[in-house]
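Next, two complexes with chain A in common: one pairs it with chain B, the other with chain C.
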Partner chain A sequence: MAYQFDFGAILPHWKLLLDGVVLTTELAAIGAVAGVGLGILGAWARTARTPVISQLVGVYVELIRNTPFLVQLFFIFFGLPALGIKLSEFQAAALAMVVNLGAYSTEIVRAGIQAIPAGQIEAAQSLAMNRVQIFRYIIIRPALKKIWPALSSQVVIVMLGSSVCSQIAAEELTFAANYIQGMNFRAFEVYFVTTGLYLVMSILLRQILKVFGNFLFERRNHA
Partner chain B sequence: MSLVELHAIHKSFGALQVLKGIDLKIDEGQVIALIGKSGSGKSTLLRTINGLETIDDGTIMVAGKKVGDHDTDLLQLRLNVGMVFQQFNLFPHYTALENVMLSPQVVKKQSKGEARKIAEEMLAKVGLSDKMMHYPDQLSGGQQQRVAIARALAMKPRVLLCDEVTSALDPELVNEVLAVVRQLAEEGMTLVMVTHEMRFAREVCDSLVFMHQGRIHESGNPEHVFASPKTPELASFVGGLAG
Partner chain C sequence: MKKFLKVAIATMAMMAAPLAGASAKGALEAIKDAGVIKIAVPQDFPPFGTVGTDMQPQGYDIDMAKLIAHDLGVKLEMVPVTTNNRIPYLTTGKVDLVISTLGKNPDREKVIDFTDPYAPFYNGVFGPADITIKGPADLSGHTLGVTRATIEDMELQKIAPKDVDIKRYEDNNATISAFLSGQVEVIATGNVTAAAIIKRNPPRKPEPKFLIKNSPCYVGLNKDEPELKAKVNEIIAASLKDGRLNAISEQWLGNPLPEKF
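== the complex of A and B ==
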């Protein structure tokens, strides 16, 4: 007997899905802002003259990039309480995303920094700028501009990766979908709609990042 | 006392000894041309005067103060010593005007108005008042180099170091940059320039320093030095250029 599609079966649960979308959005927003911020700091630290700092950041980056996100999440949520650090599902999910994106964006931003011609940094030095001034005024904007597409992709990946947070019962979109599916057994319809929602969110996020990038890197004084 | 005094400067890159004991005095208002074969250490010497290379041995005195290797010493040094590079090195994300304004604002903490006034003055001096709002990639090489000169001048350095400032330019753009350097020299700016433009060096400079294998091999008044080189190395260098 053929399967009878019934998308109407999801309608009563629209509120749950919406809550899931909102939570996923919140996680993505926190992850993106704090994660990229952390990445910029990390990339800066990688250029530090004190090798210890640079190496510590290197260890962090490799640790995160070579372990699964789910395990990182479990470690934060189930593991850290052993050290007395007890976080809510949402806090743990947000922290995991920040830590994860922070590591990847450290490497991406670092590549952007390395692409800045040494001559520009020397020119800035010869103008008596100090290290912080050089980073802030000379390096960071062109560096981010160079790697903005790669960074944007990574932000989207991490946003989608938030679906894993359903595993610790953070009530984001995938959690909502699982929950609804558990009630009405309409797996096809529920995950079909959920897929669509993720797709829309990804496209929107990409657009937002693109517009933000244009704003950040646009030339304001026109010749 | 001279504005800049170098004493027994030694510098190696690994096993390669590049500067083997350089003594040089730069007086206020002096215009010095640094010449010599490729690899003789000209750029390295200029870069040590600007603190872009650390030295292994010797002392650098600028305006009567010994330059140490602390960051603050270097910043202090660079307030006195400006530099212009072969590759212009303008900041691509700023307009010509912003390139010139940036350091006075962030380093000297000048107000935007003040910095802008000086920047406009310097850009006018290099003949680029009509290009202030252009980005580096909208300027020719000669124009970019003139912005770079204006950018260095806006910090009001007491010495300006120029490392082959016309070597990256198409031949037809060389003169507009040399004209600016010549004007600076006439105004009494203290200049040290590495150059392969021998005619220019002869006309504009009051001292010529010939470097050979990491040492100052011969120096003196350009007319004399060119007319009757004392060492065979300089004779062959000058001869090689003519031939």
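== the complex of A and C ==
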């Protein structure tokens, strides 16, 4: 075989990879928490009876879901400074991920909300629950429980999508991989290791979300 | 077979005779006798040599060729060449000089001769006028954009202070965008890239701050032509002195020649 594999060539750069993993994790955490939060708000607004708000949210959702993540990122990072809004690459990456996941999770959560039978809400109303109570106990918790697997998948997709943020010099895992590859030209070894790291991170994230889901929906139900 | 070889050698000697005669006379004299100088120029490498909208060649190297022909008092015949064939054009006598962003290196020096440098070609740190940076130490506390894993990136790692915020971009265009949008204060790049930015008249003009790696362009000529070399060097020195070379640099590279050129 002509190519001499040399995984040792990556060892001197382990700190770069570790920093990359840390930043990717940070971005994913911010993106997941704020993005899903934005999604719940968005879904609530979209199913609300005020037409202007629900239409505005509709525009936001369609705008984000029908444009590439990379373009959204470039617009935030390179475009917004023209309007005087200058964000660091970390802020821009985090914002792009929140906005992106927010749009997708709005749709996912909306689907869950609309799957709640109208009779269930009417029953709550007849028990004299107020609107906040109905939303919290009767609508959003069962809705989230229904769509939790879909939402988990979307969070993982956005975490993996953070690799695109290397393009604006956010030093996450893909940035580290590209950079190491640019220095030692060990493409196979570098991307093999990086692929493995992403795989481990994805599986871990899925497990965390699963455990969190169990905690949120199963145990509370028994209590 | 022996006879064939003899004939072949004799034929080759006869064919080579005019060439030998020419070099005995000296290329400078031959050019003056002919009243025309043939210079190899690029046509695919802005801003050094391109074809303008009027289909005429234009650029730094073109202007340099014109300047040399003018000072020699002969007509100029420009021969378009590519990066790969510019040295063969010279060694086979198709042109008298090569002015085609030619850098010096030991391998080339074995084959051809070089005059003094006529054009700056370097990597350096560039930034707007309101930021004062004279050397690597002054970078501290600034944000600097660079295309990742380039020569300037590697060199900066050695010379930049620890507290420089270095942002590494995927390609030249991202580095340029980061500079123009104000995401980074200064950039490390080649002077040709800086010239390309200046050409678009940006609000933030990248001016040279300090050199990282220098490899200027030289005029290439055939070996053993001391008169021609001396004459071209004389012209370069004169044009440097009377500001004509600086004017060419300002026009095509957007910046005056570096101080110690």
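By definition in this document, the second predicted complex is superposed on the first by the 217 of 223 C-alpha atoms of A that agree within 3 Å, B and C clash if a C-alpha of one lies under 4 Å from a C-alpha of the other, contacts with A are read in each partner's own complex, and residues count from 1 in each chain.
Throughout what follows, a contact is a pair of C-beta atoms (placed from the backbone, for glycine too) under 8 Å apart; a residue touches a chain by one contact, two chains touch by 3 or more.
Everything quoted here is computed from the prediction, not taken from an experiment.
Colleague: Putting chain B and chain C onto chain A via the overlay, clash or fit?
Modeller: By the criteria stated at the top, chain C and chain B fit after superposition, with no clash.
Colleague: If we overlay the two complexes on their shared chain A, which of chain B and chain C does A:Ala128 touch? Say first, second, both or neither.
Modeller: first
Colleague: Go through the superposed model and pick first if A:Pro81 touches only chain B, second if only chain C, both, or neither.
Modeller: In the superposed model, A:Pro81 contacts chain C only, not chain B.
Colleague: Of the two partner chains, chain B (first) and chain C (second), which one does A:Pro142 touch, if any: first, second, both, or neither?
Modeller: first
Colleague: Which of the two partners, first being chain B and second being chain C, lies in contact with A:Leu160: first, second, both, or neither?
Modeller: neither
Colleague: By the touch definition at the top of the document, which applies to A:Leu70: first (chain B), second (chain C), both, or neither?
Modeller: Touch status of A:Leu70: no partner.
Colleague: Angle at chain A between chain B and chain C: what is it in degrees to the nearest 10, using CA centres?
Modeller: Nearest-10 rounding gives 160 degrees.
Colleague: Which value, in Å, gives the least CA distance between chain B and chain C in the superposed three-chain arrangement?
Modeller: Taking the overlay as described at the top, chain B lies 50 Å from chain C at its nearest C-alpha.
Colleague: Please write out, lowest number first, the residues of chain A touched by both chain B and chain C across the two complexes.
Modeller: No residue sits in both footprints.
Colleague: Considering the complex alone, what residue numbers of chain B touch chain A?
Modeller: That would be residues 50-52, 71, 74-75, 78-79, 81-83, 85, 87, 89-93, 95, 97-98, 102-103, 106-107, 131, 133-135, 138, 148, 151-152, 155 of chain B.
Colleague: Inside the complex, what are the residues of chain A that reach chain C?
Modeller: Those in contact with chain C are residues 77-79, 81-82, 86, 89, 166-169, 171, 175, 178-179, 182-183.
Colleague: Quick one: which bits of chain C touch chain A in the complex? Just the residue numbers, please.
Modeller: Per the stated touch rule, the residues are 145, 148-149, 154, 167-170, 174, 177-178, 181-183.
Colleague: Spell out the part of chain A that touches chain B in their complex, as residue ranges.
Modeller: Checking each residue of chain A against chain B gives 117, 119-120, 122-131, 133, 137-138, 141-142, 145, 217, 219, 221-223.
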